[in-house]
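These are the structures, in C-alpha cells.
Paired with subunit B in one complex and with subunit C in the other, subunit A is shared by the two complexes that follow.
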Partner chain A sequence: MSTVEIAAPAKPFGELVFAPRAETEELISGSEAIAHAVRLADVDVITAYPIRPYDTVMQYVSKMIADGDFDCDFIVAESEHSQFEIVKHASAVGARVFAGSSGVGWLYAFEALAVTAGLRLPMVAMVGNRALDDPGAFGVEHNDALAVRDLGWMLCWVSTAQEALDTALIAYRVAEDPRVFLPCAISCDGAFLTHSQSIVKVPSQAMVDSFLPRYDRGDKVLHPDNPVTIAPQVNEDWLMEMRRQSDQAARRARGVLIDAYRDFNAKFGRGGEPFIERYMMDDAEVALVGMGTLSMPVKVAVRKMRAQGKKVGFVRVRWFRPFPTQELQEALAGVHAVGVIDRDFSFGSAFHSGVLANELRSALYPAKHRPRIVSFIAGLGGREVSAANVMDMTKTVFGAAEGAGPDAQDTYWIGARE
Partner chain B sequence: MQEAKEIAGDFTSPQVLDPWTGIRKVAREEYYTSGHRTCQGCESAQMMRLLAKAAGPRTIVLTATGCMYVANTTYYSTPWVLPWMHTQLGSAGSGATGTAAGLRALMRKGKIAKEPINVIAVCGDGGGADMGLSAISAALQHTKYNMLILMYDNESYANTDIQTSGSSPYGVNTSFSPPGKLHRIMHDQWKKNTAPMLAVGQPDCRYVATVVSTNAVDTLNKVRRALSIGGPTFIHSLNPCPKGWDFDPKYSHEIGELAVETGIWPLYEIEDGKLKMYGKSQHIASGAIKRKPVSEYLLRQGRFAHFTEQDIARVQARTDDMWEKWSLPGVIAFSRA
Partner chain C sequence: MTTGSVEVVYRGIFQKTLAKNICRGIVFAARKQGKVGIAFGRYSDSPERNGIPAKQFAVVADNDEEMEEYLSRYEPDHNDVTIVADDTLCKGLESWAWNGLQPINRLLKPGGTLLVVSTRSPNSLIRDIHRKGAPFNLAVVKGPASFSGMWVYRDDHTDMRLLGALAKVAPHVVTLDSIVAAINEPKKNDLKTASAREAYDLVASTEVGANQGNDEIPFTFAMPGWKEMEECLVVRGRNVRQQVPGWEGGYVPGRNPTFKKFSTRTMRPVLNFDTCTKCTICWMQCPDGSFDVAPDGHYDANMEACCGCGICEDVCPVADCIKMVNEEAFTDHQSQWQMWRKDKQAYAAWRSEKTAAQPVRSHGFHHVGQYAEEIANEHR
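Then we have the complex of A and B:
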C-alpha cells in the first residue's frame, strides 16, 4: 500500500513572512476582482452554473484558465444543486474550492448549502445578490444570501471591487482555519458591484502567499490513508452536541476574523476595521445603518447633511455572520435614533421590519443605551436609492430621535408607489 | 494488490483491476463488514459487500441518502473499512464528480501524492433513477474523471417505508400505491429503463452494466471492469428487498435469480458501445434456454399478491415484447419506423 503525504501548510500562521508590496492597478468589476482573488488563492476546484448577475465571475475565471493564467479543475454543473455538491465533496478531500450563485439559483442549491455548513467544509462562495423569483427581477435584494443566515455560513457584504478582492482572500484564511472550518459567502450587490468597474489594486502572488496558508483538512480529510466515516446518522444521540460545536466555531470565527484583518492591514496597508465601517460617526446624534453598495448614496447624503450642520453618521455592516453585536452596541452608544436601511424584507416579522433592522434591534436590547430604531425597506429589485431618498429617511430618524412623528418602531417603504 | 499504470502529466490513470477467474480467486479481504443494521436478507447490503471487495482498499465510497446510508452508518458503528462519506439524495453524480475532481486537481498541482484512487458513489433507485438522474447524466459526461456510480435498485423508496419510485415495477403494492376498493392498480407506470437510457444518452461513458448480486463472481468482475476502464461508469444492480417486496428473507437470492430467469431483469454490459449479454440472459437471448413464466417471479412476492390473471398476463406480454420485439432484445425498445 502506498502512502500519501498530505501537504502541510506552506507556513504556519505565526511564521508567515512579509512580502514586498507589489500590486498592479486595474480597472475591473467586482466580479473580476473576485476572479483575481480565487486565482491568487490557487483554488483547486471551481464549479459554475449560469445565472445573472454572479455568473460574470465565472466568465473571468474560465478565460483565465483558457489562457493558462490559472490552474484549477473548472466544472460547469448541470444545476446549482450539483454545482455546490461538487465543490462540497472536493473540499472534503482537501481541495480549496469556489462556487457562487444569485437569487433563486442560490436557493436551488439550498440543500447543499445546509450540509456544507453542517459538514464544517470551508467553501468560499460569491453571491451576486438578486431578487428572488417570482415576479422576476435581475436587480439586487439581499434575501437570497440571507436565507443561509442561521446555518453556520459566515456572511459578509462588500461595497467596492477592492473590498471584494480583499475580502475573498480574508474569507479563505478564516474559513479554512481549523478553529473555524465554516463556509463563507461574500455578497456583492447585483449590477451595482458585480458589473461596475473601478480601479482595483491586484496584489502579487508573493503578497498573497505571505497572507494565506494552504488549506489543510488534517485528520478530517477523506482519503484512503485516513479511512474516516463522514456524516453518518447520529440522530438524537449526538446531533445536539454537534450543533453546539458549530455554534462554538461560529463564536471562534470572530477572533479569527479580527486576527486576519489585523494581518491583512499590516501586509497590504488596507482592509480597515473588521465587521463594520464607521463614517462620520464621531459626534453623530443619529445614525444610518446598511449593507453593501447602499453606502455610496448614503455617504453622499451624509456629507451633504453634515454641510448643513446635521449631526448624522453612517455605519456599514460588513459582516452579518458572525454578527458584530459588540461593535454595533459601541458604535451606536451615543446616538438618539438609528435608521436601518434594509435591501431585503422579512414579511410578518416583528414590526414588519427588514432582516438587518430586526437583528440590530435584538443586538441593542441589552445595551445600556437603547436608541430608537426606525426600519426602512428600500431599493428592492435593484431600484436605485438616491441621496435624496437617504435625506428623507434621515429626516424621519431625526423625528424619531425627538419622539416626534408616528410610532418610531414602524417600518417605512421608501419610494414605493401606492 | 493492484498496481498503478505509469503516471505522467495530468493524472488520470485508473487502477488496474483484472477479473477474478472464479470464486477461489476472489480476494478474502472484506471492506464492508459488521456494524450495519440492514434487514435480514438485504441484497443491497450484499451488493455493498461485493462492491467494496471488488474495489479494494485504495477506494473512497460515497453513499446517497437511502437504505445504504441510513441502515449502514449509525454513528460509532460504521461497517465501512474504506473512507466513506454521505452525499445528498440526488447527489451521487455530483458527489463522485467533486471527489474525483478534488483528487485530480490536488495530484496535478502536487499537493498530494499521485496515485489512482477509486471513487465510487452509491445511490438507490430513488436517488438514481428519480432525483439524481440529471446529476448522474452530467457525471457520465465528465470523461476526465475516473468514477463509478452504482445504483442499487430495490424498486422503491425502501428506507422511508416502501414508496413507489420511477424504478418500481408496474402495479406494485407500495405504501404510496396500495390496492384499494376502487383502484386495484395505483402504480400504473412501467419501470424506467435506466441503464440503457444512460448508455445511449452518454456515448462517451465507456462502461454501463446491469448486475444482480445473486451472481457474486460476475458482479465482482463487472465492478472491477467499471473501475479500471477509465472515465465515468455506471452499474445498475437489481437488489431484492424482503421487507419491501414481502417475501421470506431466505429467498433473496432465489428471487433475484428468478428475475433473470423470467427475463424481467436482463444482465448485460455495454463497453465502448458494444452490447454483450451475459449469464442466463445470454442463454435466453441466444435461445439456449427458455424464459420461465413471469408468474413464477411475481407470485413469490407479497407486493404482487393483489394481481389478477389479467395483470400477470399484462406483465408477461410486456416481457415477451422485450425479448421478441425490441430492436435490442431486453435492452432497447425502439426500432426504425
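Then we have the complex of A and C:
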C-alpha cells in the first residue's frame, strides 16, 4: 500500500469551479439530513438501536425504506454493542455501513468501536451528542463522542443540517479511501441539530455518484474467494507495528480529507475550508474557539462586539480527529489570547480544562507565538449558551490578553449556579 | 554483587507446577541468605497447551537496587543456570511467545550451567544441543522427565532434586543450606531434604566446548517492519494444494511457516506403510492437520507440524501400524513415506530399530490407572 502523503492544495478554497447542480430544498432536521446522506451514499447495511437523540435518524431511515425510496439491510439490534458489532463485520465483508448512537449507548458499544478502528474498517457513524447518564439526561455534551478520540476514529462536529448532510458524504469518501480505512463519527449536537429543522439542499443521486466512489475493500475483503483471516492473536513483538500502521493511516487522512473537500467544493459549490471555519479572524486580537452548534450564539456575540469596535474573532473546529494543528497554529498566530469554549469536561486534567482547550494548548506549545489560553466549560447537559454568556467570556479573554489575573490560565464554568 | 538468575524451561501443562515449585524454592532459599528474589513466568507464553515449551525464571539479588535490572522484563538477557525439565527440549524450543526455534542454551551465560533432567548420557544430550560460541557446563540430574496434569501434581521430588543440584552447580546463586532451610519451612520434611542432598552429591558437570554440539542452524525468519506488514491486520490464507516437488499427486496442506510447533513434541508417530489400509482416520483425527497426503494415498506425518499428541496411534484401527516413539531417538524431520518409498527393506529395519527399545514415554495419562502403574514400577 502506498504511503505517499498528499500535498495540501496550492489554491485557497475560495477559487472554485461550480458544477451544474440538481438539488431539491427540504425543511429537515440534522438527523433527517444524515438519513438523506445515508440514502444517497446507497449504504448496504444499517443497524439501529433506539436512544435519544440519535434515534431520530433510524426513524427517518426506516421511513425512507418503507416509502420505497431506499433499499438496504436495516437491522434493529438488541443493544448498541450488537448494533456496532454487526456493522463492523458487514464492513469487513465489503458492505458500506452506517450506525449511530448517543451518550452511554455509544459507550455501551465501546468494545466494538475500539476494534472497528483497530481493524481499519471504514464505518461511518452519527453520534447525536448527549450527556452521559447517570443522572438521566439527554441534552448535549461532547464527552460521548470524545471517548473514542485516541483510537483511530476520525471525529468531526457539524453546526447545521446542511453541513451534516455534506459532511456525511465526505466522511464516506475519506473513511473508505484505501489510504485511510479508518472509521468516522459525525457528531450532531442533541436537540439543537438533531431535533431542529432548517432548509437543506438535498443533492441528486447523480451529483453524489460523481463525488463518492463505491466502497472497495480490495484484497482485504473477508470472503471465501479471498481466504484471509483478520485480527489474529499477537504478542508484544507484532502489535506495535500494527499500531504504527494505524498512526500512519491517521496521518494520511489529513491529505485525503483536504482532497475530498476540494472536490466537494468544486462539485457542490459549498463545503468550505476543511478542518476549521474562520469567522471575523482577519484582524482579530482575541479569538474564541469551539465546536458544534454553540457557534451560533458565538457568532451573534462576535458581531455585537465588533459593532462596539472590539476586535474579536471565532474559529470553529470542524474536525477534531485528525486534529488541525497547522490550521489552528496559523489561524491563531496573530491573537493575544484565546478563549476555548468546551461543551465537555475533563475532570482532574491540566488546569481542569475542557478536552478541546487542553488539545489546543498542546498544539500551540511549539508555535512561535503562543497566545494565552483561557478555558470555559459551558452548555453542559444541553444548557443553552447565550450571546450574553459569550460576551462575558470574551471580557475575560481580553483581560487575559492584557495579562490580567494570576489565574488567567485557569478554567471558568459559565452559567453554573453558585 | 552476587545477582544470579535461573531459567526453567518446561513443557506446558505437564510441568507448569514443577517449574513454579523450582522458582519459588529458589526465592525462598535466597531469603534464608538475606537476599531478595523474584519469580515469574514468561508472560507471553501460553503454558495451558499440552507440551508447549514455556519458561519461568527466578532471580536472586543482594538488594532491591540490583534486582531492578531484572524487573519490567519478560526474560533476563543472560542466566547463570538454565534448568531443562525435559531433555527433549535440548533440541531447541519454539514457544507461543517468540518466533523461530530458540536453542536451549540461548540465554545461558558463557560458563553457565545447563541443568537437565534426563536418563541419557551427556554426550547423547550434546548431540541435540545447538552449538554456542562460548563454553558452558552440562549437568544431568538422572531421571525421567516428570509430567503432571493441569490439576494434579506428581510429587516425585524432581523439584527437590533440581534445587539440590542447583546449589551444587551455582552456589553463588543459592546454597545447599539455604535450600534445605527453605524446604523445611513451614514443616520439617526429611524425605524432601534427603532428595535435595542426594542430588547435590550425585550431580556431575561436563564442560561443553565452544562450538561443540548440534550444528543445525535453527530456523528463524525476519520480523517485518510496519511498512512491509500487510495492513488492516489481514493474514493471507495459505494454499491447501501446494505442489510437492517430486510428488505427482497428493498434497501438503498450507501451514504457518513462522510457527511450526514441532518442538512441542516429546514423541513422534512411526508409521508402518506395509500394514496401513489408507483408512484416513489418522489424517482426519489429527488435531493439527499434520498428515501430508502422499501420491499413493498413504498418510505421512509431517515432522515439522506434528505436536506428538498420540491421537493417531489411539485411533488407528490396525495393530502396530502407528507407534509413538520417544523423540530422543531422532535427529531429523525426514519424511517416513519418502524413506519407505526409496527402500522398503531399509525402512522396515529402521522402523523396527526405532520402535523396539526406546524408553517408555507418555504424557502420563494415556489410560486410566497409568499413574498408579508407573508409581508401582518406579518403586520396584
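Just so we're on the same page, the second predicted complex is superposed on the first by the 397 of 418 C-alpha atoms of A that agree within 3 Å, B and C clash if a C-alpha of one lies under 4 Å from a C-alpha of the other, contacts with A are read in each partner's own complex, and residues count from 1 in each chain.
Here, a residue touches a chain if its C-beta (ideal position, glycine included) is under 8 Å from a C-beta of that chain, and two chains touch if they have at least 3 such contacts.
In this text the structure is predicted, and so the values were computed from the model without any measurement.
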item: Which of subunit B and subunit C A:A112 touches, first, second, both or neither; value: first
item: Partner chain in contact with A:S82 - subunit B first, subunit C second, else both or neither; value: first
item: Partner touching more residues of subunit A, whether subunit B or subunit C; value: B
item: Touching partner for A:V202 - first (subunit B), second (subunit C), both, neither; value: neither
item: Touched partner set for A:R214, first subunit B, second subunit C, both or neither; value: first
item: Contacts of A:Q248 with subunit B and subunit C, given as first, second, both or neither; value: second
item: Touched partner set for A:D237, first subunit B, second subunit C, both or neither; value: both
item: Contacts of A:T229 with subunit B and subunit C, given as first, second, both or neither; value: both
item: First, second, both or neither for A:G94, with subunit B first and subunit C second; value: first
item: Subunit B and subunit C contact sites that coincide on subunit A, given as residue numbers; value: 1, 3, 227-232, 235, 237-238
item: Subunit C-facing residues of subunit A, complex; value: 1, 3, 118-121, 181, 220, 227-232, 235-238, 240-242, 244-245, 248-249
item: Subunit A-touching residues of subunit B, taken from the complex the two chains share; value: 1, 57-60, 62, 69-70, 73-75, 78, 80-88, 90-91, 93-99, 101-106, 108-109, 111-113, 115, 117, 134-135, 137-138, 142
item: In the complex, subunit A residues that touch subunit B; value: 1-7, 42, 44-45, 47, 71-73, 75, 77-79, 81-83, 85-95, 97, 111-112, 115, 214, 222-224, 226-235, 237-238
item: Residues of subunit C touching subunit A in the complex; value: 44, 74, 96-99, 223-227, 229, 231-237
